[in-house]
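Everything on this sheet refers to the single structure shown next.
Chain lettering (A, B, C and D) follows the sequence in which the chains are written, and residue indices restart at 1 in each chain.
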Amino acid sequence: MVNGIGDKTLSPLKVFEDLESSVRSYIRSFPAVFSRAQGSRVWDVDGREYIDFIAGAGALNYGHNNPRLKERLVAYIQEDGITHSLDLATSAKAGFLEAFQDVILKPRGMSYKVMFPGPAGTNAVESALKLARKVTGRTTVMAFTNAFHGMTLGSLAATGNRFKRGGAGLPLTNTVIMPYDQYVDGEMDTADYLEQVLDDEGSGIPLPAAIILETVQGEGGVNVARGMWLKKIEKLCRRREIVLIVDDIQVGCGRTGPFFSFEPYGLNPDLVCLSKSLSGYGLPLSVTLIRPEMDIWDPGEHNGTFRGQDLAFLTATEALAYWRTDALTQGTLDNAERVRTVLQDIADAYPSLEATVRGRGLIQGLALGRAGMGAKISQAAFQRGLMAETSGPEGQVLKLLPPLTIDLATLDQGLQILRESVVSVLA
Amino acid sequence: MVNGIGDKTLSPLKVFEDLESSVRSYIRSFPAVFSRAQGSRVWDVDGREYIDFIAGAGALNYGHNNPRLKERLVAYIQEDGITHSLDLATSAKAGFLEAFQDVILKPRGMSYKVMFPGPAGTNAVESALKLARKVTGRTTVMAFTNAFHGMTLGSLAATGNRFKRGGAGLPLTNTVIMPYDQYVDGEMDTADYLEQVLDDEGSGIPLPAAIILETVQGEGGVNVARGMWLKKIEKLCRRREIVLIVDDIQVGCGRTGPFFSFEPYGLNPDLVCLSKSLSGYGLPLSVTLIRPEMDIWDPGEHNGTFRGQDLAFLTATEALAYWRTDALTQGTLDNAERVRTVLQDIADAYPSLEATVRGRGLIQGLALGRAGMGAKISQAAFQRGLMAETSGPEGQVLKLLPPLTIDLATLDQGLQILRESVVSVLA
Amino acid sequence: MVNGIGDKTLSPLKVFEDLESSVRSYIRSFPAVFSRAQGSRVWDVDGREYIDFIAGAGALNYGHNNPRLKERLVAYIQEDGITHSLDLATSAKAGFLEAFQDVILKPRGMSYKVMFPGPAGTNAVESALKLARKVTGRTTVMAFTNAFHGMTLGSLAATGNRFKRGGAGLPLTNTVIMPYDQYVDGEMDTADYLEQVLDDEGSGIPLPAAIILETVQGEGGVNVARGMWLKKIEKLCRRREIVLIVDDIQVGCGRTGPFFSFEPYGLNPDLVCLSKSLSGYGLPLSVTLIRPEMDIWDPGEHNGTFRGQDLAFLTATEALAYWRTDALTQGTLDNAERVRTVLQDIADAYPSLEATVRGRGLIQGLALGRAGMGAKISQAAFQRGLMAETSGPEGQVLKLLPPLTIDLATLDQGLQILRESVVSVLA
Amino acid sequence: MVNGIGDKTLSPLKVFEDLESSVRSYIRSFPAVFSRAQGSRVWDVDGREYIDFIAGAGALNYGHNNPRLKERLVAYIQEDGITHSLDLATSAKAGFLEAFQDVILKPRGMSYKVMFPGPAGTNAVESALKLARKVTGRTTVMAFTNAFHGMTLGSLAATGNRFKRGGAGLPLTNTVIMPYDQYVDGEMDTADYLEQVLDDEGSGIPLPAAIILETVQGEGGVNVARGMWLKKIEKLCRRREIVLIVDDIQVGCGRTGPFFSFEPYGLNPDLVCLSKSLSGYGLPLSVTLIRPEMDIWDPGEHNGTFRGQDLAFLTATEALAYWRTDALTQGTLDNAERVRTVLQDIADAYPSLEATVRGRGLIQGLALGRAGMGAKISQAAFQRGLMAETSGPEGQVLKLLPPLTIDLATLDQGLQILRESVVSVLA
């Protein structure tokens, strides 16, 4: 056993109840103490095994403790490779920059400068918003209903969730929230509405510095934007010199199939935020990709301590090896099809769920018509050895994010547990 | 060699110039590509050795790749200990919570709930500001001239540096900046001024939710607050139910001698932010310590992906072993005395420097009267194999932060290089 | 002649060019120096006569220098009736309060406290926004596209015009601008959209303190809200304890027929702003009407020098005599019909105008399809002795606001000039 | 009797209690219903006479219903001179512009464009703040402790009074409040502190668009800035291209002796706000004076209905006749000396008052050491036929503002009542 706490307390969770802040959240839905993980499976201190369809909320696309990465990581640590380096030059960082250039950017004909804005996704978002404001000299940023961009003040202002916004304790300003694709029922195209508002000198909505969007809103309820809508948004940005920021933190790094979620639509964002699965090993690492002509930062204008995480650079570099072929993309799309089929089966088989299926690649959601149903299914699944969380402002969508590297047997086993959980909840 | 880049380009720095954003900063003052590190020494790809008096800007108090921690870390990784766990319960996290309780809080008679607000220091600050606003229902936060609290929008609003504030690209609001201890020459006590402003119903300054301060302003120029001033601030907070936040990110974890920088003055902050050296191994980890009655967060009201960094929990737990005795504190104070003596010697020996010495424990600064002198000395030192950076809004203070675990010989060697560098610059 | 400037300069307008700020505006469209006015007619210093279809932008509903009011005004001044009285009690103010109660509120079954927030309309709006925020404890206010509420910072934040908003020189915050009735073409009801956004916990739009609206947007292009839309807005306010503010500054005091523009729809706003024609004589006077249970102001919490304008109280009281019968309302509606018929005739007769007619009561607009056409017609009319201005963010709507007391002959004469002007412009 | 309300209700004040908002304020300290006024005297509906040492809070420098102005006003109204003219050119406005140029600006060697920003003082302040932001492209404005600039959101953000600021219902932003002259006891010069903060790149205080100040803080407690302090502020503005705004609304128009309060110090503000006594007859009128090269407004960028108040232009023009000689200035200074002497006598004679005298010209204050004493003296004086109000955030200063045109006998009579009131309160 990695670490023993079981012998100290009757309930192994008591230490968290006693010592950790009430803000803790996942622990409440998945009440076990985990100790070991490999691939798509996790074990708790009592040896119980779980299939992981959460994958670190998208941070573990390559599975837990991916063996390829692990080997390199251990070797580097043992050799006393530098671990923490501020934003000094290191060989690990050079390796990452070169690999990212060679494996990701060049083959896609992309040209971006790479910024290391801090370890978390929210640092990438904050830096992108700052830079967009600097580049344009404008202050307003447009974001979308049900967006999630982070918990620090700048990112939170661009986040849709009212409960989380309330946590700021002050009015969130300089952001205008517009309706996301298909937010309004019926004929209306919300991109057209956005354009009308921008063109109307009396709309009360200033020309923004940037529009920031997720191509799939993971936290917001697995809402998928259509390619034509994304293209419209890009086009209206171009015409007005509005910076287009794609927050690909949750659905980048292959989650939807291709490395970037926006590749299938030929989008060329000005700034791209990556994090979560970037390090490949669950280690904190974020980058902000910057169209070169917008890289007008002065040295040190945005800084921070944890921007030289060499262990993360190392595993990130190794993870990029997955992108030298299209095997992972193909596997993801195949697995996605499998997940989608099962979800649709469930929706069809149990009409009382009032369920619809939504998603792209290996982010798939089962939107449920009845309040609280998502949480019940999630709970039932956990009891049966499957971890799957809910999404959306009122938890109305059951969200499935298996590791991209999951093997077919485990995927099927997880989906089977899900089906049984639905049955048990409906019973 | 850990990673080879030398064979690809004539200049090993070219990869950064070509591929990394212009925001990069340290790399410009210390133009080498580092690959290996151990204790207080770092090596570049060409094998050149440097003594490190920067210590990750305070993130490496226990030295680079501390062997005690390293051994545990490698074992954990090899055993597939869980690496990334959102805010689920894990045995590594339980271990850290228990050790922090047993080794740090209990012996000091402290009672705090521990919040994991995200991996970087700025996440801890943002969470503290949010919570203070929630607890009081007030929106304004008071911070101090030359404070540094971080680069995300909430923290940046409480940061003094005009250049970095400008990076926001919009007006920073809901923060009032007050004069830090001894900011105003002469008789005036700035704590009295602060109290006058709070008591005056016509001052235009609202009653704040919180006062946030560093006991030593590391980035702001190694400005040291006096204990009596800190006590006054605490007292005026208590009388008005203002939340007192100590940002101990740079000078906590033993930097000034004791674990918390405020211990010698008997301060009882309501909220404490820790980060940097907390993980002990340079891995991103932050906590916000919360007076229990203020722990009124709703579950998930502040969240984020990288709040379950088990490798960091593991090394942090191991690092706490240093605090089971007072050896490290004693060593730090002894070494501080040594550093201070040398700095004072230099100041006395070279009056043209117009230098004064300031600091507490192993954060010591040489404030220089002439513009640009700090950068020149830093550069000269680097050429001689010593890394030491400048601080203050115009880089006017040479700042020394050796690892706390530095051995005497290395410390003396570093100080000797510093002295030679001063001489060479003055020549 | 009232005042001679003609003998000093060749151009009587030169004094304004030389001495007045470049911000002056109406003077540019109507380049004459006016000296005398009576009823619906104005004369310039050269004796030229103009029919006035601007009526002080709605401030002269009872015509210029209304004889009934004038007689009382002169008598009061000659008797040394108090002229300026802060917010002391005066007999003139008592007279107004009583008459407003007896003539306006009681007969309509309305119960409002009367606040004197300062002399201009924007003072009424600012006070209403402040009070709504105080009553609810919320900070956000919802306003609408193409709204106009004033030039001071609080009112300006609720105003749609981008050019005027830009005048603030800083980001305007704490206001969310929503689409006005029929703003979006097609099926979508913008009240339904507003409700969706309020109900969606992920919409990023906070529950507002207030919704502020004009029933007809006078400055914004003579946009008329439908009664059913207004009722929907009222209903959604009631359900969520959102304060409903009607800004009736331009279209209240009988402009649309009834005293309040919202009477025909049975609306019961929580707060109502009146100004412009309230004094009846073009003197600055504003009131904020407050639902009694919301009158939670502390004494002096909002104050100002010019809240005791007794000359204005006096003429305002006298003007209320018009409302003891329904003659004015009936006359307004009859005249409105006449104006509308002529405008529709013009629109029909000259399809190249691509014109549509819009308005309620004696605020009627001719919306023109071609840019700059409105300004040309306005200019041609002025040369022929008719004053009529344009409206809308790009001046695309010719707006007609004759005094409500205009006699039929003058109205017809004005409309005839308008028709001739259209012909001349199209020629 | 001008208007009879006495016969309708037992208490003539009941109509206000029943119908007016609770925000009413002066009426509570001076509970009578006033009907007639002439010069320095006011009469209530019961025929009781009062000497007026409030003078419309500075709006009646030339006394109530000044006969010179009255005659012109009545003639103009009887001739149907235009009363309300938006910002069209009128002969009355031309007359005012020319007289202001000839009588005020030219003789003082001043060059300002005149802007009519709306009828109230707060409109002048809002327009000045907007223009300063536009001219500099900066957003922050510096104002001072205990400043009073108005109740609309922009002006309120620059106002010191916490109670009034609270009325906003939201955080007031983009303003930094600095300590006024002599705010901090002892040696410290607050202008030096301001300069230190501006020069320190780490102060957290941005370079402001403007510094706005009153030379005497009338509402804030009759705080008088020293000339040398004002000159320092002006100098530090010049060096940094900060716009210097003098809000001379209360103490301009001769209140301190000269027309502008800043004349004795040779100050050259960039923008000057005038209102209150400008119209001379208590009618709402404000101007913003703009250094010509800063007059970069676009036409209509700031607008409003009540910017063409011809009755006010007419009386304002007539009032300027007082400034063709220096008789009024001399009389004011002589009377000021008389007031000061009596106040000092009172302070000396009754040490238990712990009183000090402060003021300039005919704004004089008796600062009282004991809470509530000011209100008691004010009340006692009112019972004896003298109106005098309190000032300062807690009403601790009795403020005397007699009309500048007061005759000696009335002045002495008023001061005698004041002395008796003090005696009666102390008894």
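One rule holds for everything that comes next: contacts are C-beta pairs under 8 Å (C-beta built on N, C-alpha and C of every residue); 3 or more make two chains touch, one makes a residue touch a chain.
Just so it is clear, the model here is predicted, and its values are computed rather than measured.
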item	value
Partner chains that chain A and chain C have in common	B, D
Centroid-based (C-alpha) most distant chain relative to chain C	B
Distance between the centres, which are taken as Cα means, of chain D and chain A, whole angstrom	58
Chain centre separation (chain A, chain B; CA means) in Å	29
For chain A, residues that touch 2 or more chains besides their own	139, 163, 166, 170-171, 173-174
Pairwise touch network: line, ring, star, complete, or other	complete
For the chain A and chain D complex, residues of the former touching the latter	170-171
Of chain A, residues touching chain C in the complex	139-140, 143-147, 158-163, 165-166, 171, 173-177, 179, 183-184, 186-188, 193, 196-197, 200-207, 220-221, 392-394
Complex interface listing, chain A residues touching chain B	1-5, 8, 12-13, 15-16, 19-28, 30-38, 42, 45, 54, 56-60, 64-65, 70, 73-74, 76-95, 97-98, 100-101, 113-123, 126-127, 129-134, 137, 139, 150-155, 157, 163-164, 166-171, 173-174, 209, 275-276, 281-284, 288, 290, 295-306, 309, 311
